[in-house]
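Look at the two complexes coming up: chain A is in both, with chain B in one and chain C in the other.
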Partner chain A sequence: MTRHFTWWAERALLLLISAVVLFPISWMFLTAFKRPRDAYSLSFDFTPTLQNFVTVFSSPWNLGSMVVNSAVIASTTVAIAVPCAALAAYSFSRFRVPGRKFYFFLVLSTQFIPAVVIVLPFFIMFRSLGLLDTRIALIVVNLAIVTPFVIWMIKGFIDAIPTDSEEAAMIDGASRFRVIRDIVLPMAAPGILTSAIFCFILTWNEFLFGLILTRRNAVTLPVGLVSFRTERGDLWELMSAAGVMITVPIFIMALLIQKHFTRGMTAGAIK
Partner chain B sequence: MRDRSLQYLLLVPAFVIVLATTLYPLGYSLATAFRDWDLTRSRQPEGWVGLANFSRALTEPNFLNSLWVTTVFVVSSVVLTLLLSNSIALLLRRKGRMHTFTRTVLILPFAMSPALIGVSYRFMFNPEFGVISKGLAAIFPALDGVPWLASPTLSMAVLVATDVWHWTPYMTFMCLGGLASIPRETEEAARVDGASGLRIIFEIVLPQMKGVILVTAVLKTIFALKMFDQVVTLTGGGPGNSTETLAYFIFNVGFRWYDMGYASALAWILTAIMMLISAWYVRMLLSERKMATA
Partner chain C sequence: MAEVQLLDVEKRYGQVLAVPRQSLTVVDGEFLVLLGPSGCGKTTTMRMIAGLEDITSGDILIGGERVNDKPPKDRDIAMVFQNYGLYPHMTVEQNIGYPLRLRGIERTERARRVREVAQKVELGALLARRPSELSGGQRQRVALARAIVRTPKIFLMDEPLSNLDAKLRVTMRAELKHLHHELGITTVYVTHDQIEAMTLASRIAVMREGRIVQLDTPKRIYSEPADLFVADFIGSPSMNLIEGSIENGRFMAEGISLPVGVADRKDVVLGLRPEELEIVPGPDAPVQGQLYALELTGDATLATVRAGDAFVCARGAADFSAEIDSICHLAPKQGCRLHLFDRVSGNRLAA
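Right after this comes the complex of A and B.
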């Protein structure tokens, strides 16, 4: 009897948890397909429309250019941060570099620096270089946040790879470079891919830097959300449509690498 | 190539990035913290003012308010997130279809843009047509018309709710990772001896989770201290300055009033707080390790 009860109670609780997580997301998705006047009603009975998506992609909102900005900034940041971080992670994982604990702590401690501290000097610098409101500016500051984090994550993945096959290959006379290219890289690939996607998500969702360093040309998606607050009030149905555009690519990525994703989340932090 | 030089060579690209993008700005803002620099007046830093920016902070009510707001936010967000994530992790330990489904669902909030979370909570808590405020009013009629985001206490509560919603899943996965590394034998033995489920959790499982709980507590504290996006998109620091956290206050000083010297000093105060907490974290963790191996 009690056994039966706990079985059902456990499932009921899990259902409740899933509902609490899914509800705000689903509500946003629903609102994105509502006509403006339906957006202000709570009914589920409405005629779905794609008009909001048409509106946000046309003038004056021009969500398209924000999508391009976000995509270019996030993928360039990944393309620079991940290879550099992977090399450093290998070195941290496999060699006894003198003082490596200190270097590693130095890298980690950058995670404790508030972003607002980093952005102040960069704002001043980009202002004098005329780089405010450019994608380059955002890529540079995003690297600051993302690189240490990715080193940490990839090191966790490389640590988990046994060293036996590397050592065997080296005894057979393979160079360290060949070992890295032919043995370590293929084995670490899922971990590196996971870290790259993490890095992409962080950059894609980044808000503070975008808010401070962009005005018109380099505005990213999360910052663009703020522009739907107008004198006429908040345009919820348009905000939701933009929200769907921000969320869908990221959700797809996160679910694709689901298995590694949770491991990546915890890999660095536990050790 | 010899390993000896290779081991450093591999570190070079990453270190160039870290040095240029974090250590340089850190030094620059530390220097600016001791200067007078109003960006609307001058393109270059003006005179050195010693500790004036720091002493100004200590006497300014807005700064002290933001410290208090930050403390309230951090403590409530950390406590709630930890309680929830540990409980959910304990629920998710077993295998089952519903468990797998919940795990998948839990990935989503972490992947969602915090700015967007702020926006959608603002929508859902709108007193006239927000789905949560109206839903709550349908269950508790007394809550009808409560101006959630116009009340200092309630807007702080909603702000905490967005943050807990955002971070609980991530912390749950960390707790699950910790739970997976605990050997199950003691627990099984206690169960055979007829110990109740709650006793097993409190006397066997949780004590072994101490290390993981410590790590999650400190990480969550750091994340909460940094939290910025939802303040902008949910409350705008308001009503009044009741949700103006330290990070948001620094943003206002620097990028609304363009007082670079003062903003840098404030930013360094925030950094110092975070450094202190992380130093304390490393020490606690090390002593935890020592106890575990002793």
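Right after this comes the complex of A and C.
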């Protein structure tokens, strides 16, 4: 009896949570395909249109350049942050350096500083460097934000890998770098991939620095979203279309890597 | 093939002394077993030879060459780990071939040698599988094959059989012994299983709290344990150790009176192996007490007799039977070896 009840309660709770999470997202997807005059109606009965997507990609919105900016910034950040973080994480995980806990705390402590506190110093720094409104500025800032987090994440994955295989490889004749390349990276691959996705999502969604450090050339998608609040009011259908453009890549990525999350790569390494 | 020498080697972790300063020579071609309870420093000692653990002071020589500062990869050793240390993302063939790949041996030659070794350890049909698709015994063989695929100067084995079930352990033990005989490579083997040590070793180093307490052939370790620790550790069931004193040339304890022909003294521990005791009818037997337990092992019956505070175990005939709590008499067999130890220091007393 109680078990039956728990089963149903569990399902009901899961459904409720899913509904709460999914409702705004599905509403956004719906609105993206509505004509302006349908945008405020609560009815599901409307004629779908792709016009909103055409509009956001043409002048004056030019979402295309924002997509390029976001894509370049996010993928460059990932491409630099993840390899560096993987090596750092390996070192933190494996080398018994005196004071390594303190160093690790130092790395993590960068995450304690609220972004609003440092956004102004960053602005002034990049202004004097002449890098305002450039992709480089955002890549640098995003690297600073994301790398400590990714180090922490990958370290967790590497900590979970037993050292036996590594030691076996060293005895088999591999140098430390060879061990990392042949043994650690393949075994940590699911974790590193997961971290890379996280890193990409964080950068892709980053708003505050994008807002303050860009004006016209390096504007990213989340910042671009704000421009749909105009003197004519909030253009919900266009904002939703842009929102879909922000969300879809992340969706696809999540679907593609799903199987990596579940594949237990370390299974069978030890008894 | 090579000799391994540890000269005044010491290992500390911060303030903790893991392995105190000592020397050890592993003779070329021998099978040396480091034996001891867990935490006695045997694995640390092996890892220092492998180069996986730095040494705090002293020198390690392999084949006469000082290897203190050499990384594991340059020491020309092969090692089998307790948990095998296989590469889960590689197939069995790639696992075994990895040491060869690192040495730049070309593909066809590599495949040939991998197949050859795989045959030797009966893995031929499993080359395309991954470790996760193998049983414990098969994984063990992969680890072994990976170690013997090239001919290293020395083999290191860290409790390689401890994760196998009892039956497989006995089979693999014989295979290891045969392999050592066939290849003749100097082997250092770590275990806490005294039977494994007895059956495999050319020599055993019994370790306790980091220190080697006795280094000798299995036979001598069994027949002449250097102290109480070794006496208690070697043998199954373990040696009966009875506290008492020597009066008028006889060892005396409650329920026990046995001529030993040694000068009188107090604080003595008498050691008697169960297999050297027999159950006798007589009332004037040296050991007398109440029967505490009877255990049939198949080929024999272990009778535990309570004499005073001491429990004395004897290995009797398989068909022996008696009531629990009945009075039972034990006597040393003809030519039985009596072991006498100092109770305080634990050292063996010269007979």
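To be clear about the criterion, the second predicted complex is superposed on the first by the 246 of 271 C-alpha atoms of A that agree within 3 Å, B and C clash if a C-alpha of one lies under 4 Å from a C-alpha of the other, contacts with A are read in each partner's own complex, and residues count from 1 in each chain.
Going forward, contacts are C-beta pairs under 8 Å (C-beta built on N, C-alpha and C of every residue); 3 or more make two chains touch, one makes a residue touch a chain.
As the structure is a prediction and not an experimental result, all values here were calculated from the model.
A.B. asks: A:164 contacts which: chain B (first), chain C (second), both, neither?
C.D. replies: After superposition on chain A, A:164 lies in contact with chain C alone.
A.B. asks: Quick check on the superposed pair: does A:153 touch chain B, chain C, both, or neither? Answer first, second, both or neither.
C.D. replies: It touches nothing on chain B or chain C.
A.B. asks: Could you say whether A:175 touches chain B, chain C, both of them, or neither, answering first, second, both or neither?
C.D. replies: Both chain B and chain C are touched by A:175.
A.B. asks: Is A:196 touching anything from chain B or chain C once the two structures are fitted on A? First, second, both or neither.
C.D. replies: A:196: touches no partner chain.
A.B. asks: Between chain B and chain C, pick out the one touching the greater number of residues of chain A.
C.D. replies: In the superposed model, B touches more residues of chain A.
A.B. asks: If you stack the two complexes on chain A, which partner ends up touching A:78: first (chain B), second (chain C), both, or neither?
C.D. replies: The answer is neither, since A:78 touches no partner chain.
A.B. asks: Is A:32 in contact with chain B, with chain C, with both, or with neither (first, second, both, neither)?
C.D. replies: A:32 contacts neither chain B nor chain C.
A.B. asks: Classify the contacts of A:103 with the two partner chains as first (chain B alone), second (chain C alone), both, or neither.
C.D. replies: A:103 contacts chain B only, not chain C.
A.B. asks: Between chain B (first) and chain C (second), which does A:187 come into contact with in this model arrangement: first, second, both, or neither?
C.D. replies: second
A.B. asks: Where on chain A do chain B and chain C both make contact?
C.D. replies: Looking at chain A, the two contact sets intersect at 175, 265-266, 269-270.
A.B. asks: Contact residues on chain B for chain A in the complex?
C.D. replies: Result: residues 1, 3, 6-8, 10-11, 13-15, 17-18, 21-26, 28-29, 32, 39, 43, 88, 91-92, 94, 96, 98-99, 101-117, 119-124, 128-129, 131, 134, 165, 169-170, 173-174, 176-178, 181, 197, 212, 215-216, 219, 222, 225-226, 228-229, 232-233, 247, 250-251, 254-255, 260, 263-264, 267-268, 270-271, 274-275, 277-278, 282 of chain B touch chain A.
A.B. asks: Name, in rising order, each residue of chain C that touches chain A in their complex.
C.D. replies: Residue positions touching the partner: 50-52, 71-73, 75, 77-79, 81-89, 98-99, 102-103, 130-134, 136, 139, 143, 146, 156, 163.
A.B. asks: List the residues on chain A that touch chain C in their complex, please.
C.D. replies: 162, 164-175, 178, 182-183, 186-187, 189, 265-271
A.B. asks: Enumerate the contact residues on chain A facing chain B in the complex.
C.D. replies: Going by the criterion above, the answer is residues 6, 10-11, 13-15, 17-18, 20-22, 24-25, 27-28, 31, 39-42, 80-81, 83-85, 87-88, 90-92, 95, 97, 103, 105-107, 109-124, 128, 140-141, 143-144, 147-148, 151, 175-177, 201, 204-205, 207-208, 211-212, 221-223, 225-226, 234, 236, 239-240, 243, 246-247, 250-251, 253-255, 258, 261-263, 265-266, 269-270.
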